[in-house]
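Two complexes come next, and they have one chain in common, chain A, joined by chain B in the first and chain C in the second.
On to the complex of A and B.
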């Protein structure tokens, strides 16, 4: 199996529907997915991630731009010629038994029967469906169905493996199962994998690199930890994480950003900030906020509005003046209505300008 | 109706009273005629039990041929409807200019009243002033007029064509909805797997239409087995009894020979054959079911 580097150069795609209705799906995308990496395309519905995947697969030909597999331009090639495999949102299984389903791609390109038999058996063992080769897929449960789908995708030894939100239609238990199956696959098979999802937790767990998309453009393309800790803008910060990053708007006064009831000291960077005006937003993740029932140095007062118990942690909705934000704590006995003391640790705070772009 | 009144009314009486109209209709229109027909086949005019009617029918070579022709009729008819229906359904699924108009035209045969439609085909087939012969002669394709309905060897097939033409739209609509039920992802998956459009059609589309095909085939079988109008309007069973099928045989026996019991027998004997054909169809198309 070749491990291919997928490179997108200036990809723009416009959908034309009906009579002259044009929709810009993706604009000027430049991305490189390295050999044998697992990369995710993450974003809300309509951001263009599925379009991009279909362009890589060859199901849609981009309006302009180039797609390269290693150094070869694959734009004129059919999906089969590109040797991509795709796993859809629901298990796509043909009306034939499991063996024939898996054999289908090989038979479609006239592979000799003896070869077919060998390859199907090999892949069936790998995925764990040898015992159901003679069964019709309609009798199988969801998990087995997806396994057959994987087997059919693997039997062709694809260059690139594409996943189009495969976990969306599964119940939470099924989702966890499939997620570990995919991780296992990732370890065992060294193939370039591209995974489309709107679930940030999925992307954070599975991917080596994530391209966060919104409205047809790539907002930030980086490793999960970097995206999580250093989001480029408000969109990325809020989209990733559960809950998303807190963003609190304030005004620069003297050496601090004023939020009404409390201030945040910025004396060390105040000169740089002055270049951007006076309105700023600070971003801090819920799990990094220090909360205590007793006052401590540097803390300001806030009131607990909602307390959600999430099993191993508690999510608090806190309010100070007219500013609201969430804090996530391990063990706490803070209840709704309590007064608490809050501090934002400097090393975890990011400063954004009014439009939501990262400055520091 | 208020909650309490509804609960109080849920008595066995209410239940039976509600289904009574449906049961009545069912009994009167379906069960009763069927039961009476079977009864009539096994009695003489006076009402005594006899198997004479059955024997008369079985021994009559004209009847045997009528049965054979009925089977030929059904098989060819369904093949045409299936083939044409599938092709037109696949064609109509795509967007093309004038799609609405063409669809309406394609569905027209079904909407037209039966007897006038059959009569129209009768006129078209006419060797002397039928439009088809006129066109063939003008184009220089034939010298002498083609004897569509007048040739005992071919008449049946031209009748079958007219009948199939009329009912194909039913298949087209059914198959079209079946086609729409297939998610796009199946075609995309097949494309990625490298299957040609033809292979995709045979191995993926058609198997997924199995349920629709079976339903249509069984319905067609039942309706066509009692076929009468197309033959009667166009040839009355001629030329020389070459187009007699079970339906026309029974009618002819009833009207010209005047024996309603034998006529009933003719239909009753055909019944098990139809049931066997139905089972064969279900095996062929249904498979697992």
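On to the complex of A and C.
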């Protein structure tokens, strides 16, 4: 299989939406998807991720900027010439059996019949559709159809695979199966894959690197655990994780950030913080907050407003003064209305400026 | 507000029995969750309670009153559908006000009620907008407001969060819980999501293939699933299941699944009573821990990773076990690579035991 590096250089795209109106879909994007890597574009709807993918595929031509496959600039090339394989949300198959569907791209470039047979067999095994080769697609469930689409894409030996939310329409079990299938496939064939999704679980599970997008720009491009543990701003911290990271706003006073009912000591970094003014937000993930019904060293008092039992863990909505935040505990006897003692472990706290950009 | 009761209700669509002798009680002032996969019959039950669908056999009671023959508008139910089903040409305000207008309420009272419920649901700022000008989350809030704005015998919510973006779902679940508790009344809520059932319900009815497999308090159903099917479905992620055979080694008794031997000596009393040789072991993924954590009565295994799924802030690791697999649930973000070997352990006294012949529960672990 081929593997190319896909590189985007200063990509900006503007949609003309009316005679005098236009929409900036993506703005000055620079991204490199390395050889044989699995990368995800992650963000809420309208963030520009699908536009970016269509630009890589050649379905849209960017307003300005360049797209490279390895050293070659592909901007002037048609989608066919770029040889990209696309898998969309809805599987589109031809009115012929699964074997013929997979063989179709080979037939259209007149590959000899013996070669067709060999290749179809090979990819069918890779994707796990050998047992349904004689079946007509209309009788297949969504998951199997998506596998056939995958096999048909694979048989062309594309330069790069592009996925646009391919699992959205599958039921939970089918989604899980397909997810592991794609993961396994990437490991075996080592083709560069770019995956567009709004679902953080898919991105975190599948991708080696994730570009988190918001309002047409890439907010952070990093490895999954890096994104989760060290978000660059409030958007990334909140978007990843369930629940998202807590952000609590307070005022710098002397050597601590004051939140009214409690304080967070920052004596070690106070000089640096002073450069950014007096208003700050601290960010901490729900699962790192320490909660107990008994007082302990360094803890402050809070009240439990909601306790939500989720089987494996319990999610608590806590309130101290006018500050609310969520804590997630594996085992707890804390109930709604209880007074509790809370502590934020230093090594898990991030400090952001008022605008939500990470400082420490 | 009343007790709502279904008595031996059956319903056939296109020759297929979608509800089979359903007995179900939704208690006055309770929050009852109907849990089941798509197509199990949850929506049909709601439609029959609302009176827009009629059962082939069986009766429906509101309190002592048989309402089986009563038309929908005389039943006074509030209904939220999965797809928002708002009137597209009406503003949010008019959508919410529509059931009150139909009930010929005075303008002043309508105005007061609409504003009050809109404020509770955080949609005051969109009251003048049309559905197409709102986000998916706002549309669903409007639909919920429309159902709750009137006084009803029962409020039914049919998968209200399924079509909402997951980020919104996360906050809406808690909001909805608070709101519905405040609102009071008899509430029935259908969902395919076991976590929603756990988080929301006082009572849970597990519905599979048109049959109420089990009904009881949420804790009761979760801690003592009546059979393998309920155990599998009312668990997130689904319960691991392994058929195996009873074997005795000296004083001890085990169930041997071919790929592991789990000690069940502690359950001998009940196992002897059923007088069978073959059982199914059920282990919830959250009962299995990485061997670095302390576990009582441990059975330790070293298994190979198939794939790791990261969901929200948790990880599910699928491990190879014999010809099948074992899924374990880790409450943090960990990504184990395919092929990586992991040492895991679980408490053998925390394992559920079902009869292989009937699927019925034989032994449930004690709840701490």
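The rule is short, and it goes like this: the second predicted complex is superposed on the first by the 351 of 360 C-alpha atoms of A that agree within 3 Å, B and C clash if a C-alpha of one lies under 4 Å from a C-alpha of the other, contacts with A are read in each partner's own complex, and residues count from 1 in each chain.
The criterion applied here is as follows: a contact is a pair of C-beta atoms (placed from the backbone, for glycine too) under 8 Å apart; a residue touches a chain by one contact, two chains touch by 3 or more.
If you're wondering where the values come from, they're calculated on a predicted model, not measured in any experiment.
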Kindly classify A:152 by the partners it touches after superposition: chain B alone (first), chain C alone (second), both, or neither? first
Classify the contacts of A:256 with the two partner chains as first (chain B alone), second (chain C alone), both, or neither. neither
First (chain B), second (chain C), both or neither touched by A:136: first
Between chain B and chain C, whom does A:57 touch in the aligned arrangement: first, second, both, or neither? first
With both complexes superposed on chain A, which partner does A:77 reach: first (chain B), second (chain C), both or neither? neither
Looking at A:105 after the superposition, I want to know if it touches chain B, chain C, both of them or none. Which is it: first, second, both, neither? first
Once the shared chain is lined up, is A:44 touching chain B (first), chain C (second), both, or neither of them? second
After the superposition on A, what does A:90 contact: first (chain B), second (chain C), both or neither? first
In the overlay, work out which of chain B or chain C sits against more residues of chain A. C
Residue numbers on chain B that touch chain A, as the complex places them: 183, 185-186, 188-196, 199, 203-204, 207-208, 210, 288
Interfacial residue positions of chain A with respect to chain B in the complex: 57, 59, 78-80, 84-86, 88-90, 92, 94-96, 104-105, 108-109, 136, 152, 156
Over in the complex, which chain A residues touch chain C? Could you list them? 44-45, 171, 176, 179-180, 183-184, 187, 198-201, 204-205, 224-225, 228-229, 239, 241-244, 285-287, 306, 308-313, 317, 328, 330
Which residues of chain C touch chain A in their complex? 38, 165-167, 170, 173-174, 177-178, 194-195, 198-199, 222, 235-236, 284, 286, 306-314, 318, 329, 331-333, 335, 338
